[in-house]
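Next up, some structures in structure tokens.
In the two complexes below, chain A is the common chain; its partner is chain B in one and chain C in the other.
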Partner chain A sequence: MSYSDKVIDHYNNPRNVGSMDKSSADVGTGLVGAPECGDVMKLQIKVNRDTNIIEEAKFKTFGCGSAIASSSLATEWVKGKTVDEALAIKNMDIVKELSLPPVKIHCSVLAEDAIRAAIGDWKKKQESAKPVAATVAQ
Partner chain B sequence: MVCVVLNVWRGRPRPRNLTTTQPPVPTDSARVCRVVVNEGKNLNTSTTMTTAKPAFDETQSCWSCGAPRPIHFCEACGKVQPPASVDYFTFFRLPRKLNLDVPALEKDFYDLSRKLHPDLNARAGGKDTGGKEQEKENEQEWSLQQSSQLNDAYRTLKDPIKRTQYLLQLEGVELEEQSKTATEQARSTGQLKKQIVPPDLLEEVFELNMQLEELRMHKKMGEDDPALIDEIGRQKLELEEKQEALLQELKTRWKMWDGMIQREHNGQPVSEEERRQERDKMVDILNRRNYIRNLVRDVSEVLEN
Partner chain C sequence: MSTDVKVPQQLPVTRHAAPQGVKLPIYMDNHATTPMDPRVLEEMLPYFMEKFGNAASRNHSFGWAGEEGVETARERIAKLIGATTKEIIFTSGATESDNLAIKGVAEMYREKGNHIITAVTEHKAVLDTCKRLEKYGYRVTYLPVQKDGLVDLEDLKRAMDDKTILVTIMAANNEIGVLQPVAEIGKLCRERGIIFHTDATQAVGKVPVDVNKQYIDLMSISGHKMYGPKGVGALYVRRKNPRVQLAALIDGGGHERGMRSGTLNVPGIVGLGKACAIASEEMSREAVQLASLRDRLRDRIMSRLDETYINGTTEHRLPGNLNISFAYVEGESLLMGINDIAVSSGSACTSATLEPSYVLKALGTGDDLAHSSIRFGIGRFNTAAEVDYVADRVIETVERLRELSPLYEMAKEGINLKDVKWAGE
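After this line comes the complex of A and B, so read on.
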């Protein structure tokens, strides 16, 4: 099996590698893993509170080339999208873009999971922040 | 395939040329022997091979002498039988239980290995002609197939993890598909995905991977970092302990499973819900264990290089 050119490109030049402060209220962190291969993927998003637009995305993945490429692509895609638009990204979109073979589909699943988990974390922060904000206002 | 069964030897002394090229024949001289003349290239075994996982059909009889047919070879005339498509538990005549007497399994394995050895059943090229020659070829082919089935079955069942995974597979659990299924479920319900790997374990795995990456970098630069190596070594030990603890946890689930199968065997109803719960608990343990196993393997690689 050989990797597609796009996978190799993302693997050699991964976009948006790094991390952001996970305690920040604007940052959502998704940490996911696949028992099939032992991969672990961390994806973080920074969301503009007023527009709900994802302004920044970072990732760090330990895993195979396809997992790295999938998460690298995911950060590229979510940037500039609203939270709801980002939630619409499906793993099969990633499979198509990277021409992943069937045995590597779980890598794309992982990337979709990471997006959902990061958004979920961010949403949770917003909800728990509300009552605090209300108390401050009183 | 044309298969003609002749009952010509019934009640008569068995002709010499029939027995000379056969495996040892039991001394039960009263047993009648039917001769199957196979005029096709091969006895067609595809009907049994393509069926999913049927229980072994005990009513089948030996192709050669017609005695009630066991799975591997005929007790009466010693002839190897066409491989039956049975699961590994059935192959060893075991119930689908997880607590298994491994020494007894090993004994069975060696016993069957000897009896099914292709060399023992490979005596083609004699003076026999026609159907006899074909029979020899068939027997040799079958003993090869049976031996490989035997090896696969033994390798799978003797290992506690492989055995559990195999049983779950027989129960319809697709270990490879669970992550995808959970994602699809999360997508359709809008809920957060049920993570297969627990979050605290993920954190640990992530941190350890960061340290491994650091160590790889140091090594690449030719730098020594004994403190980091010690730290990673310590974590590796912890992970191995976790792996062992998970195996013990799995073994306690075995007891529950086996008890359930026994109750079912005794005619008491077992609900699908109970079965599913027992399966899920084992799947959960296996997932965590596999995850840790992969990590331990990565750590060993980095430490050894």
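After this line comes the complex of A and C, so read on.
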């Protein structure tokens, strides 16, 4: 299988690799996929509570080159976007950008899932944080 | 609250210059195919233009020259496996040999029984042939293998019944290189009057094979796995004690004792013969050399990387085979990182079916580790310098990908990955 130049570039120079403190109130973590399926993505976002803008994004991925590239691209795209804007990213946008072949479309689906899972985790934290805001801020 | 970034954003990427004496890319996928030995090519060349005659032309010197080339090849193959020349049938390759052996026996011995025994780790050329026969009313038992990749002889005994006409078990596995106890299997079959076929594609020319000492009745051989040409193979068909009969797959001019019609591929056959002659001379020395390179590769990799696992027994194994799973790293991404080295992976992403290797699964290797496996096939033309380069590239790439792997991070945090409820399951 031959890879597009963009996939190779993301594989060789993955953007935003790393981890953030998943217990932090302003960090949302998405962990999607399964080792048995050959793909696991962890995508994390750090959101500014006042602006709802994603200020930082990090990822780690177990998977093929296309899975690594899809998640690397996803972190690039969500950075600087508001949470709602990030939710509008569709897997087919990733497919197009990276020229993924049909057998690799599931990689882009997983990346979209990872964005949604990270945002979902962050949103849940914001809701549960409200009543106990005083303790969080101490 | 501060966010804790553990890894620099830009991982360093090194561009690789070939070390002294190493030419890139390196070919280390010798179970897929081997390069031809130049001595084989040299032997074949006259048979394309000067000695182009049809080996079946009995009335002129052109035909005789072709026939002479074919008969010399037959002798050389027979010598390598302890057979007689009349027991060698030329085919287009091991897939055809497997088909001819299995379907040929199934049809010829239909009156006697309809039961065939094989193993789950066989090559698809055997498995898919058996599956087709099931459609035609044959009963097939697919024996499981043990954790080390070997068939349990007790399982085999239990599977045999009075309708069993054929046992087909490979000599050496193409993925994990394990050597099945062929002699023991053959003996069990002989005692019960069951025909024994072995797909010895990976074994012939690599490890000693003797059709009499190992009680083999039918054996598939391939040219291009032993430094010969592609498109040529052979089937050993026992003529005595017992005499095995086969129904032909291909009818026509009655070539090859009626078992395989079609004008003989004389240059290919000459090449296969020469490859066998070289193996007869050099196999024992070469096996020591390959095993030493294989162990060098294994030791260098495993001394530097933790959580790497060898798939299949190390005791009964092809000398040039190494199959390792690198936990927390997906095989295709590893191949992408070592793209100046040709090896194979059991990862689903590298297969047409999107399923990880069925051979590794049969060993009880979890899907996660099957996705993480790499097959190294060391061959005649690999060098120690290449082995060292390959080991270093693999180590460096696995380390890089583990830094990128959420699974590695979780494992290091002490999380048992088996306890995690994965969203994708």
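The rule is short, and it goes like this: the second predicted complex is superposed on the first by the 129 of 138 C-alpha atoms of A that agree within 3 Å, B and C clash if a C-alpha of one lies under 4 Å from a C-alpha of the other, contacts with A are read in each partner's own complex, and residues count from 1 in each chain.
The definition used in the following text is that a contact is a pair of C-beta atoms (placed from the backbone, for glycine too) under 8 Å apart; a residue touches a chain by one contact, two chains touch by 3 or more.
Treat the numbers as computed from the prediction; the structure is a model and nothing was measured.
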item: Simultaneous placement of chain C and chain B on chain A, clash or fit; value: clash
item: Which superposed partner A:I105 touches (first chain B, second chain C, both, neither); value: first
item: Partner chain in contact with A:G18 - chain B first, chain C second, else both or neither; value: second
item: Partner chain(s) touched by A:L31 [first = chain B, second = chain C, both, neither]; value: both
item: Contacts of A:E56 with chain B and chain C, given as first, second, both or neither; value: second
item: Which of chain B and chain C A:K90 touches, first, second, both or neither; value: first
item: Superposed model, chain A: greater residue contact from chain B or chain C; value: C
item: First (chain B), second (chain C), both or neither touched by A:A117; value: both
item: Chain B versus chain C as contact partner of A:K42, first or second or both or neither; value: both
item: Superposed model, chain C segment overlapping chain B, candidates 42-50, 132-140 or 276-284; value: 132-140
item: Set of chain A residues, in rising order, touched by both chain B and chain C; value: 31-38, 40, 42, 60, 62, 110, 113, 117
item: Residues of chain A defined as touching chain C within the complex; value: 1, 3, 8, 11-21, 24-27, 31-42, 46, 56, 58, 60-65, 67-68, 103, 110, 113, 117
item: Chain B-touching residues of chain A, taken from the complex the two chains share; value: 31-38, 40, 42, 60, 62, 90-91, 105-106, 109-110, 112-113, 116-117, 120
item: Chain C to chain A touching residues, read off their complex; value: 1-11, 13, 328-330, 332-333, 336-337, 347-350, 354, 356, 366-368, 371, 403-409, 417, 422-425
item: For the chain B and chain A complex, residues of the former touching the latter; value: 175-176, 178-180, 183, 186-187, 192-193, 195-197, 199, 201-203, 205-206, 209-210, 213, 287-288, 290-291, 293-295, 298
